[in-house]
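Chain nomenclature is as follows: A, B and C, assigned in order of appearance, with residue numbering initiated at 1 for each chain independently.
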Amino acid sequence: MIEPKYGRLLDDFRVGDIYHHPWEVTIDDGMLAMFAASFLDLNPLYSSRRFAQELGFRDRVVHPMVMLNLALSFTVHDVSEQAIAHLAYIDLKFPNAAYSGDTLSVYSEILGVRVSESKPDRGIVHLRTTGVNQDGIVLVTFERKALIPTGKLEGRAHPTSSASDAPRDPSPSSGSLAIPIELRSEIKTPAWPGRPRGLFEDFEVGDVILHSNGHTVGESEHMQLTILTRNSHPLHFDEVYSREHSFMKTRVVEGGLVFAWVASLASRDTTANALWEIGYDKGSHPNPVLAGDTLYAASKVIEKQDRDEKTGIVQFKLVGVKNERPATLLAAGLDLFADKFEQKVFEIEREALVPNCLVKQPVRRIPDS
Amino acid sequence: MIEPKYGRLLDDFRVGDIYHHPWEVTIDDGMLAMFAASFLDLNPLYSSRRFAQELGFRDRVVHPMVMLNLALSFTVHDVSEQAIAHLAYIDLKFPNAAYSGDTLSVYSEILGVRVSESKPDRGIVHLRTTGVNQDGIVLVTFERKALIPTGKLEGRAHPTSSASDAPRDPSPSSGSLAIPIELRSEIKTPAWPGRPRGLFEDFEVGDVILHSNGHTVGESEHMQLTILTRNSHPLHFDEVYSREHSFMKTRVVEGGLVFAWVASLASRDTTANALWEIGYDKGSHPNPVLAGDTLYAASKVIEKQDRDEKTGIVQFKLVGVKNERPATLLAAGLDLFADKFEQKVFEIEREALVPNCLVKQPVRRIPDS
Amino acid sequence: MIEPKYGRLLDDFRVGDIYHHPWEVTIDDGMLAMFAASFLDLNPLYSSRRFAQELGFRDRVVHPMVMLNLALSFTVHDVSEQAIAHLAYIDLKFPNAAYSGDTLSVYSEILGVRVSESKPDRGIVHLRTTGVNQDGIVLVTFERKALIPTGKLEGRAHPTSSASDAPRDPSPSSGSLAIPIELRSEIKTPAWPGRPRGLFEDFEVGDVILHSNGHTVGESEHMQLTILTRNSHPLHFDEVYSREHSFMKTRVVEGGLVFAWVASLASRDTTANALWEIGYDKGSHPNPVLAGDTLYAASKVIEKQDRDEKTGIVQFKLVGVKNERPATLLAAGLDLFADKFEQKVFEIEREALVPNCLVKQPVRRIPDS
């Protein structure tokens, strides 16, 4: 009788270990459509071939939330299939554009392993995960921390990669701005007749933006996205497991998807005009999300910085809440961005490259017939 | 504190205004698959590259219901995100074939604005919407009417396009038959060994066809399709909003999707052989549809007209009902096509170009091995 | 009044009849993504263009469960839309690789028709179904048996193909191993740094493997996959029909999807390294599956056979159960593979071509930056 298990327990991890995660997936238009069917983002960089090409890219750019979710989910098989919780997102970057047709593979390096002082039956694993395409170009990189039970996993089904495979620089973007090569020379200005507000000048430090629309999470919807990204943690799609082992006694929505919903709910008012999502940092999930919960988002402008004549960098604090509108929570006296409260499901810092009004908008002609 | 709002209230509309809707989306195979996963249409024009190419098209033709739903949904951000209801579809046409890979953008012209006489807190906006591809070719055009509260929207987040952008002919197909160039010369006759009934000769004016299969609407399914088409009205995917603001106190299935379900439920018996959906007219949604409702369709042949030796035009009245079979409603004494009743969720006139039996069916050889 | 019906009753079938099923569908990346979003398979042959091409294929190979589900569903319109149940899968083979972009058409030959002795109001139809691409290459072929009410169907909407269309060899793979041409010469060895266990040497005859993860079937999820594959039996997506006519009084999950879930739940521990799914045989569904059920799988190694220096053939018995873990059922004294019990939803024999350790794994270099 064999009952193969995946993921690892705390004592299976050693600092410096490198795992080449076995998933290897060609990103395709089907994947883009399934994400587009859950995460509404107005930015044509991700949806319009015409726009993306005029901006200098080869094709539509794969949405950064697709990249984060794929890379995060690929690690579960080796890292967190036994984990209790995902604790933190750190220094998430998208150094190069990903395109439909790219084949993604992902590896992780263990940066730290630490037993909890208060609860010695568990501990925290800290790792950096990097996703590369078929040519070895880094498409996504981030650190995260996960809460994992102590012990060694009996019956683990496959070996650790050898340490000699260690990448020389697992975080190639560190120290410089994670902006793809297409945006490092002069920024082009594709026509976009219906362009909404949200240029660099439109943001003021201190602005609090309550995003009006919410999104009720569908049961099939979140399971499909979990499996599509190859997340193998049964907490998200196995109700029998979840009744026994979930801290919620039922399936819990995968954190990377909550991140994607909150970011996309905020996008129409913040990053619809963004040329690039430079990065995210200091992210966490204070409370879980279940199917049927309705998510809302709020953003706060925490910093602005000119980059050149045509672009600037805007930093937001982004929060996600469930089942209450942000306005209702504010009216109840809560500070959405600083307080802890049961409806808060996500918080993170977000940095975007945004054009300013010096980017002239060419008018697009409507055809005669 | 900023709470950006979208859509418009009645007093924000002026006759002659043109809105370039900001959504710009490259249609892809993923979108086609997600529609194919909800709307069963036997016609190989939309599903088979081989068939479509032998008929003279460059590739599979994007299903007209994809085009209607995209164009309708793109308008919501500017037109109807504050609307109470969608009232009517008028003169819907598909003048040219759309293909996967086309990038769709959409604009609308306000044709009329009128306060309701009976309920002065609301009124009707009448507009024509046109969707074009990256080359300015018109792919879909229709008028519609929406019921919208009076007043002006505080905090609207972006400007109206200037009137100087007005297209010279927003309805390029008016006056002539909306048939794409590929079908204007002699009709080719691709082999189709399993071709079902439904050639021109098979229809008689007065025929009433009760389509046997229904479709129960899935909760995730309808939300995914709503978001995929970029419909931003929270009535369809935000349960917290809907409990407060929906006339049904819960999420309501987007009307364009109800249209697509009813049309596709009828398709096997009516348009499976059609060379083109020439158009739809006089459409409305007498009652709403919720997740879990089961939709059925019935068609009546209201007119037939020879076009040339090989093709004719068949006009249908199409109705959709919920939670009862059409046969049951008929047995209860209802006239499905003329009466109003609570199970009726959709009605429209439909016109299709259908080949006649002079189109010889070449036999396809089965390979030896 | 016309109420067209599809499928056939028992007396409509004659041995030797050939049906060219009318569905004709170009397989696309959207379809692959929707399957990937429900069926987790680690094998990069189906997910990675890079891997598949290094192995000698033109592109990612379409997953065999996509092919089985399409071909099976295409037959429903002609064969089983009136059926009571699907009884058996026999001699399922995938003789050639299918690729995204291939256009699939399917035909079936009636091999046997027999009235039930115990219940004379029904009988068994036995047929062989074959799916070919646009060039007539056979991509999938299988026999199945279905339980169908006696009688003749009033109002069937279209004719039987003529017997003169009979293929000379409807089962081109019979007698030889169904392995595609790309794998008949020397097997190549693509790098796969995270390659999991499961080479030929890792399996011993008699091994029982309990696959740890389950999958809770989503309501929208299973309906979308049913429609995507063009299955027109209302039992799977019409709740009004199902309340009246289903043996479960509600919608039942389509059998081909149950097959796909069970096979994919087993895949990580059995076929993750497989070069080909040679075939399945003797399959059946002892009990139905409903939305909300959680599926689990178990495999038993029943035979091993060397093929050449680099590969061998492993035969598994595969079973699927619902709502209880295989380990729980075993602990209750059941023989998962031999006994009948209410939680058992699927069983079949599975044969895979698996590389052995002589396949050297080249190390993939990680890029410097």
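Keep in mind that, in the parts below, a residue touches a chain if its C-beta (ideal position, glycine included) is under 8 Å from a C-beta of that chain, and two chains touch if they have at least 3 such contacts.
Quick caveat: nothing in here was measured; it's all calculated off a predicted structure.
At the interface between chain A and chain C, under half of the residue numbers appear on both sides, which makes the contact a different-residue one.
Chain B maps onto chain C through a rotation of 120°, based on Cα atoms and reported in steps of 5. Note on chain placement: the centre of chain A and the centre of chain C lie 34 Å apart, centres being C-alpha means.
Under the contact definition stated at the top, the residues of chain A that touch 2 or more other chains are 28-31, 33-34, 218-221, 224. Listing the residues of chain B that touch chain A in their complex gives 1-6, 19-26, 28-31, 33-34, 77-78, 101, 103, 105, 107, 132, 134, 136-138, 157-158, 161, 165-169, 172, 218-221, 223-225, 227-228, 230, 232, 234, 237-241, 251. Across the complex, chain B is touched by residues 28-34, 36-40, 42, 44, 47-51, 60, 100, 192-198, 207-216, 218-221, 224, 268-269, 272, 292, 294, 296, 323-325, 327, 330, 363-369 of chain A.
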